[in-house]
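Attaching a single structure in structure tokens format; questions to follow.
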Amino acid sequence: MSHHYLAFDSVAFAYPDGSEALRGVSFRITHGESVGIVGANGAGKSTLLLHMNGTLAPSSGTVDIGGLVPGPRTLRDLRKRVGLVFQNPDDQLFMPTVEEDVAFGPLNLGLDSDAVRARVGRALAQVGGLELAARPPHHLSSGQKSRIAIATVLAMEPDVLVLDEPAAALDPRARRGLIELLQSFSHTKVVASHDLDLILDVCDRCMVLREGKVAADGPTEVILSNRTLLEDNGLELPLSRQAAYRVR
Amino acid sequence: MHMADALLSPAVGLSFWAGSATTLALCSRRLRDRLEDRALPFMGVLGAFIFTAQLFNFIIPGTGSSGHLGGGLLLAILLGPEAGFLVIASVLAVQAFLFADGGLVALGCNIWNLGFYPCFIAYPLVYKPLAGKGEGRGRNLLATLLAGVLGLQLGSISVVAETFLSGRVELPFATFALLMQPIHFAIGIVEGLVTAGIVVSVNALGPRSPAKGDGASQRPRPSLIPIVFLGAATILVALLLGSLASTLPDGLEWALEASSPRASGGTGPVPPAVGLGLSNRALAGSAALIGATILFDAVIKAARSWKARRS
Amino acid sequence: MRLEKALYDLGRRDRHPRVVDGLQNLDARALVAATAFFILTLLSFPKYAIVELIPPGLLLLILASLGDLSASRLALRSLPVLPFAALLGAANPLLDQEPYLIFSTTIAAGWVSYASLLLKSLLAAAAAAFLVEVAGFPGVCRALRGLGLPSLFVASLLFLRRNLSILLEEGLRLLRTRDQRSFGRHGRGIGVTSRILGVLFVRTLDRAERVHAAMLARGFTGDLPGNKPAGKPAASWLFPVLIAAILACLRLVPFTELIGGLFLGAPP
């Protein structure tokens, strides 16, 4: 596996209607880290994630993904390296069967059918979805859909896995399954989520976004225990931490 | 207005399939050029939208009855005629294959009737000139109404023409037309009103377009004339070929019928001189064949369950 | 409510698994061709054909039997085709008064042509249902692509099918919101419903953008990755050729007459 990193330097981004979503974000994520991105709604989490696979390009500042600068010619390689799992699995499962959805990425990469089949098998096995291979996506439960959506990206065998609100629509058991799944991955991980307890379980490092800027960046344990910091940025302590502070 | 297969002759059905397929090919090519990799997700998702929208019932004030949307004109206005035609075609195809709403051979006719006229006649010839570039609510509403009515009138007379050319239905052309046109006039008004309402509602939610860089500096849209010409020409040529070819089987049929035992009526009483009738032999033969098939089916089912029990 | 019914029909279709049997192994293009031959032959039968339609109908039943498809399910899927045909043909008995003889009674020939029309409609729809059951909708779509229809169109069909349940559910949610705030006839008119459809349209465009982004994220460049229609190509084409041959015989030879002749003896 190549040594890779994600380096953002003073990245700013404004949408066509003028709203500034990012106002100078800088950080460096290195090989093997698992980083959580938290922040209130509108803080810029999703926008930040969309810069990581070249879907959006910064208005100013630079994005450097393992030596690749997102641009028309690098997009293909970029998307091989960075796999982005979007928030709503229904947006990502668009083929008639699970198998074809998982095969979509590898086929687009130009692999031959044997290689594709192997990748599909591996990806489905990783998420525990082998028995779902022939099913149409609208047959799956939301937990299954989430896992298969991840499989569709795993099949590209990226170096970096970026997930946007992966547990949003999951019931408690499916959520637990997802957390265990993420913990089992050795990829570099970037997870944006409201679910602070999930971030605690999955990520070693945590960045707090507020109004398009990085308000804090450090070890998860430290950041997510700092009640004042969290509340200043429109968040609160993870539920699992709150009992300790409950006044009886 | 979805035609069934049995209303059409093979010649008419295939001619309109040829015309619709040609038009589809041209629209697909243009959409790829204009929308590039956005074409597929947009056309697919919008197809589901139109399908859904067609299931919404509108209570028509004053009449108490309900109407619903066709969608060709709406898509032409919001996304362009090529997109409109392709999406309507996809909706009709799904309806035919999955819901038996319209026949497979008739699909070509249905796509033409419900897609071609609103997108390539009513929209460019009535709506666009009248509505211009946002002339005002009243003018827009009038443009949409007229375009809606025209699209449906043409589609409806097209159904009548196709049925008449096929010769499977006894209704004379004039009677059929007199029945169809007024009904579809009312449907056209509903189409126009609903379309106008949706367009207003969409525009109020903010300008948007799926084409990259669409806006003031967009490339001029290619003319629709080649599409109209090629589509209509394909149909006319196919119809001509079809009518030439059908004189042969007609001859064959005539020869067969002349020699068929049906004319003599079989073993029953002597029929009237015209010779139309169902011979007893035909009935007996049918009964025998049906019986044999039921037997065959039972044997297959037994074999299947025997095989299943063994494994 | 038609929306709910559509959702239910879709769901019911999904819940009954497609039977995977011998006929599935055929190249879907061959199945499409065979179905086309079948329907076109049906349409070429003359106006008053009734007993002549029975052998093709039985052929379909035999194929269904071989493919482990239930005839009743095929029949059920074919019913929606009847109303329009029934409506248009209804004038036949009135307009065509030529005498037609069955056993010893005479009826207007218009009834016979009407019955023929309905029977043809039903059989054509049953053939279509057969095709979709055996090949599956994705299979039919791939076959159409293989037969020359534009790939954008065919791919749109697959996407439509995939997104249909999502959009129907969203439409249903909006409808229920509307119904909850309307009373009797009020609040369900064109104005309100158009606004709802406008909202649905914009949401649909948003959804299309998201799906587009997800496709790009997995390397999409504009065409769905090439999918060769599956199945043994050479052997598959034997099927439509065989069917065409059988159909030609059924169309040109008065089959039922001949069989009946075996029992009742040749005409004098």
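In this document, chain identifiers A, B and C correspond to the written order of the chains, with residue numbering beginning at 1 in each.
What we mean here is this: a residue touches a chain if its C-beta (ideal position, glycine included) is under 8 Å from a C-beta of that chain, and two chains touch if they have at least 3 such contacts.
Quick caveat: nothing in here was measured; it's all calculated off a predicted structure.
Put simply, the chain farthest from subunit B by mean CA position is A.
No other pair of chains shares as many C-beta contacts as B-C. Subunit A and subunit C, compared by their mean Cα positions, are separated by 43 Å.
If you average the CA atoms of subunit B and of subunit C, the two centres end up 14 Å from each other.
Under the contact definition stated at the top, the residues of subunit A that touch 2 or more other chains are 94. Chain contacts: subunit B has residues 41, 44 touching two or more partner chains. Contacts with at least two other chains are made by residues 137, 158-159, 161-163, 166, 207, 211, 215-216, 220-221 of subunit C.
Subunit C makes touch with subunit A in their complex at residues 14, 137-138, 158-159, 161-163, 165-166, 207, 210-211, 213-221, 225-226. Touching subunit C in their complex are the following residues of subunit B: 1-10, 13-14, 21, 24-25, 28-29, 31-32, 36-49, 51-53, 55-61, 64, 69, 78, 86-87, 89-91, 93-94, 96-105, 163, 167-172, 175-176, 190, 193-194, 196-202, 204-206, 208, 210, 249, 252-253, 256-257, 260-262, 264-269, 271-272, 274, 276-286, 288-290, 293, 296-297, 300-301, 304. Taken in their complex, subunit A has these residues touching subunit C: 50, 53, 55, 75-76, 79-80, 83-84, 86, 88, 90-97, 103-105, 107-109, 136-139, 152-153, 156.
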